[in-house]
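Lettered A, B, C, D, E and F in written order, each chain numbered from 1.
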Amino acid sequence: MSDDTPSSPLLVISAHAGDFVWRAAGAIALAASRGDRAKVVCLSYGERGESARAWREGRGLDEIKALRRGEAEAAAAELGAEIEFLDAGDYPLRETPELVDRLVRVYREFEPAVVLTHTLADPYNGDHPAAARMALQARVLAQAIGYDAPGDPLGAPPVFFFEPHQPEQCDFKPDVLLDITPVFERKRKAMERLPAQVHMWEYYTELAKRRGVQLKRNAGPNLGLPHDTRAEAYVRLYPQTTAVLA
Amino acid sequence: MSDDTPSSPLLVISAHAGDFVWRAAGAIALAASRGDRAKVVCLSYGERGESARAWREGRGLDEIKALRRGEAEAAAAELGAEIEFLDAGDYPLRETPELVDRLVRVYREFEPAVVLTHTLADPYNGDHPAAARMALQARVLAQAIGYDAPGDPLGAPPVFFFEPHQPEQCDFKPDVLLDITPVFERKRKAMERLPAQVHMWEYYTELAKRRGVQLKRNAGPNLGLPHDTRAEAYVRLYPQTTAVLA
Amino acid sequence: MSDDTPSSPLLVISAHAGDFVWRAAGAIALAASRGDRAKVVCLSYGERGESARAWREGRGLDEIKALRRGEAEAAAAELGAEIEFLDAGDYPLRETPELVDRLVRVYREFEPAVVLTHTLADPYNGDHPAAARMALQARVLAQAIGYDAPGDPLGAPPVFFFEPHQPEQCDFKPDVLLDITPVFERKRKAMERLPAQVHMWEYYTELAKRRGVQLKRNAGPNLGLPHDTRAEAYVRLYPQTTAVLA
Amino acid sequence: MSDDTPSSPLLVISAHAGDFVWRAAGAIALAASRGDRAKVVCLSYGERGESARAWREGRGLDEIKALRRGEAEAAAAELGAEIEFLDAGDYPLRETPELVDRLVRVYREFEPAVVLTHTLADPYNGDHPAAARMALQARVLAQAIGYDAPGDPLGAPPVFFFEPHQPEQCDFKPDVLLDITPVFERKRKAMERLPAQVHMWEYYTELAKRRGVQLKRNAGPNLGLPHDTRAEAYVRLYPQTTAVLA
Amino acid sequence: MSDDTPSSPLLVISAHAGDFVWRAAGAIALAASRGDRAKVVCLSYGERGESARAWREGRGLDEIKALRRGEAEAAAAELGAEIEFLDAGDYPLRETPELVDRLVRVYREFEPAVVLTHTLADPYNGDHPAAARMALQARVLAQAIGYDAPGDPLGAPPVFFFEPHQPEQCDFKPDVLLDITPVFERKRKAMERLPAQVHMWEYYTELAKRRGVQLKRNAGPNLGLPHDTRAEAYVRLYPQTTAVLA
Amino acid sequence: MSDDTPSSPLLVISAHAGDFVWRAAGAIALAASRGDRAKVVCLSYGERGESARAWREGRGLDEIKALRRGEAEAAAAELGAEIEFLDAGDYPLRETPELVDRLVRVYREFEPAVVLTHTLADPYNGDHPAAARMALQARVLAQAIGYDAPGDPLGAPPVFFFEPHQPEQCDFKPDVLLDITPVFERKRKAMERLPAQVHMWEYYTELAKRRGVQLKRNAGPNLGLPHDTRAEAYVRLYPQTTAVLA
């Protein structure tokens, strides 16, 4: 990052250890490739709700948590991101004042310019909206000078919801299509760091193609876009602020 | 415009002669100040539905049309925009294949990179949604190589709806706040070119302040934003395509 | 009506001859009982789409129209309302500039203080939304001094949608429950003026009970409401304006 | 209040000490001017989340709470309202069974005929929806004879949401516009009792004008409405019950 | 049940003791008549919020709970259903991890093929959405092999919301109309097991007629449907999966 | 079709010649494989709006229409469906009373038990909603005995919207997932009859996989579903009527 470019740290708050890979690895790799800090906070390891294979193999709880942690660390490293685990437990992920307070401290310390998290609706997984509600509540609290936590009051970073597994059922209507073509291979490698979920590699590779096709359809006179454009879809929570309509 | 900057022509399609001033003058002046072409197409003069004072003064139809045309030309000139009048009549503005075809030809000739128009819902004024429907239909038709009109097929320029008079009643939930501070004085002068509507000058000056306050609230760490930020609100029809989340 | 009470004329615009009886007879009878003028405008007789029994009996088109007209006149007389038939044809009821213009003239002449019409959505009957769209368009046009029709520009009378046959499927979420207990017997008698639809008498008598139960549940400390309260449900199009919250 | 007018007590439940002034002072002053009791319940003082200036001036928590309390008391006095502080803490305002129970007791004691509170959605301030949820839950509980609290079961008073700072982002679509012209000067004076927020005085004075313009546009033949009509916007939660459509 | 028919157990989770009778007795009786197990889980007896008459008669809490339990058992027996009471208290029904865990165990033990519960919105009764949220959360938890409770992971049984008392106010737009004609007399008898609520017998008998009329209107060429068709309305939470469009 | 199975004819109404292949070929092939009649009505050939390659190759209008017709006939034959072309022109497809009347006659003659058509919203292609509006209007008209066209009044066949290209942007939230695994190879072969759109073959093969994964996730205890389940997604317009909840 050149000295005169403003830093734009990216914070990703997810319920389980693997979520950030399938849903936001492209955005993370783009940030890292620009020289911005990117940090993933996993509220749990997904040890109960998203580790079916390990349970069927007869592993124990601690072993599963270590396994998920290792995979997530490897994927984050592939993307150039920091990662922190709050180990708050999953299925259910409980909303507590203490966990929200920990997130406030993360916001105050990391000072993100952009925040990514789950959608507020997901009828297939209650942990995802719970994580999103805490991420949003902590963001607002961190903005208040009167909130008792170290650091300066946070600005108001924009929030983007990343794509859930069954988007229409989660009322996910994409309003941002992010071009991740330059970093797609890195996303693919990060996915491959999660070896228990081979079928997901293909599923999310195909999704990136599908969203890429849509990006081209919405991109105006898209002279420069390659045939194999890859994209991730997002939904904004707050209005975009801009100096140029485009 | 420097030689190496891609041109980004702005097309504004409005039902009546004055709409573009109150609702989109900031976006127009910004485009012009960047050296981009900006063009306003008025489907009617607003001669029946938006000229109450002139009718009360006893003027005739042709006189009113000339009056509205003159004012709109003066306002467009203030903003640095071209303006064209299709004189299709108002109250009601009728949706016809011929009028849509004229708009297709405008799209093909002007090749806009950005399109602004009315919202699709407005329970106070049926001409506004009618104009929007025609603007949208013509945009899609202009993209088809098989549509029989001069020029090349259009790309897929993004569309923004500008702010109606009673936004909530028109289901207008802003998702873009455009910073018009640098050109606000120009917008004010353009408004003053419509002397019959003095009360609107203040109304829309206050609205620009209000939207400016909101812009600052949504702008993240907004170190550079001045106290008197001015903004216009817009709603996107299609997803934003971008290489950076911000 | 005493001399010092402002008149509050009620205008009901319906697609077919019988609609006003099932859906709005209570409101009509209340207006008449207060001494206000009430007027029903039927865009068609419902001769094709709502006269199945007559067709099965082998009657001809003109005979059916006369039959429906007679019934509707009798029901209107029972309620104390004027009635006018525009005979525009049904199934489909066609939206034309001429028919809208006739409605503008009705508005200008009658100067309603309140307007009732169909909902804008009805997947079971396309004539209902068509009637509503024309009623709304004409209301806006009638407000413009520049619209070429006799009479003064209309004020902005509130609009209420009356209840469709399958309310949830028409996105009908009642926001006004009108107490029609004092005139319910008159509504019942008006329904009985439509002898071909005996099953509807019971259906809408039961609906009035059901909406009456809901009215009591929403009426606050409802000391004065009788056990057999009867109600009609409506949806407002525009915000209520008031000097008292209640 | 004359002896033969039924009393119509107004209860306002707000998250922080100042909310009722900006958002509902007109409704409060109208009630008081009619001779009805009006009571404001502040769940917190807004000491952490809405006192940025005081924190920047280096004041302590207790001092800030006292400051906010004093201001709110002065504003309430200006409006002719009672005020009670539950001091439940803010940022975050925690939803607890105990706090809900306290509100049930307020309902049972005060017996409101009308209730005002925050919207259920507010992505900028989690305390507002939390206050609204508690206000609504307590209202329902207070209606049950089996709920163990002093007093008689509550009727079902209508609930109105008052206007949030960024209405569209809170899905606030006004369905009631309240004419506060007769008491606007009193609202202005109440606002001036909050000296730390001078910029808000203008902001909400302008909003009252803007809503006043909209009121006139929706008021039908508004012969009597003055040029400088002032209004507040509200959204109903439950259907209106009425004996007259208007 | 013949040996070669797959069992299709039906689980009904309701907030209070009587809810299942008014809202889902038809579906329960149909399941029982096919030889499927049907089980009702009542989270509370409705002792505080839905027993107004008993309170007015001066009965005590334990007496009321026994009364409600007895009635519900009698109604369930009439329908051929099992019933279980969790006695978690009502008004308010509190959402706790323990109660959710108890429901997970019910799911794992009963292995339902279909689940019925309340709507997620009900502004008249907070216990209903609370019950629904817990029913849904427990269903998802029960699917996870890692969740520590006896039994096998649950499949993904479809969920249907049954009809609330004021459907439109609860955003209840029926997407399934269930023909309960063959068992309607059984539903009526079950209702009559709740002697304190005689007026509800008629109310829900009429509702069954009304929904029956709608069923016939939506049933395509409904040659076989009798004049007195009776129905219950439901809303699906998840997409229907099927091998035939019909 | 065996003699004792009721016939269930399937009618598909699409705007352009190719739509039915990508969006509904599975449903068509399933119907044909059960022995039901399946009929496709193409309102236009898609000659202007969906034949970009042919135009770029310099072909003439009639040649393109013949080309599209031939391809569509081949695809329909592959699926076992009848096909009819109304040649009403595209880009834009105009809504006319005459075209609606032709569709009424198709309904009366074919007597469909199930109808498939486009969604009512599609901001990328105005012909799709236009086709859907006409399909729906004609279906209602065909039900009226008084509508002057040959044949008996239609029953009320259910309507399903098939999946548009960008589902979320068209407010397409699937509520039916149809298992097309047994006929997927036939769908693939039908797609290959449209040789100009090779990239679409893969796109819709992948979509069938994706919807298949979702079907399995929503199918309850899905013991019998194969790994390579394939599905099509649909949205119902009217409530499902059924004798069994499942």
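Keep in mind that, in the parts below, a contact is a pair of C-beta atoms (placed from the backbone, for glycine too) under 8 Å apart; a residue touches a chain by one contact, two chains touch by 3 or more.
Here the structure is a predicted model, which means the values were calculated and not measured.
Colleague: Please give the intersection of the contact partners of chain E with those of chain F.
Modeller: A, C
Colleague: Sort the other chains by how far their Cα centres are from that of chain B and give me the top one.
Modeller: E
Colleague: Distance between chain A and chain E based on Cα centroids, please, to the nearest Å.
Modeller: Whole-Å distance between the two chain centres: 38.
Colleague: Would you kindly tell me how far, in whole Å, the mean C-alpha position of chain E lies from that of chain B?
Modeller: For chain B versus chain E, the centre distance works out to 53 Å.
Colleague: Find every residue in chain A that makes contact with two or more other chains and list them.
Modeller: Correct list: 124, 169, 174, 214, 217, 238-239.
Colleague: Draw the chains as dots and join the ones that touch; what shape do you get: line, ring, star, complete or other?
Modeller: If you draw each chain as a dot and join those that touch, the picture is no line, ring, star or complete graph.
Colleague: For each chain, which other chains does it touch, given as pairs?
Modeller: The list of touching pairs comes to A-B, A-D, A-E, A-F, B-C, B-D, B-F, C-D, C-E, C-F, D-E, E-F.
Colleague: Which chain F residues qualify as touching chain B in the complex?
Modeller: Of all residues in chain F, those touching chain B are 47-49, 51-52, 55-56, 61, 64, 91-92, 94, 123-126, 169.
Colleague: Flag every residue of chain A that touches chain F in the complex, lowest number first.
Modeller: Touching chain F from chain A are residues 124, 165-169, 171-174, 203, 206-207, 209-210, 213-214, 217.
Colleague: Give the list of chain A residues in touch with chain D in this complex.
Modeller: Those in contact with chain D are residues 97, 100, 136-137, 140-141, 144-148, 153, 237-239.
Colleague: Would you mind writing out the residues of chain A in touch with chain B in their complex?
Modeller: 8, 10, 27, 30, 34, 111, 113-114, 116, 155-158, 160, 174-179, 214-215, 217-222, 233-234, 236, 238-246
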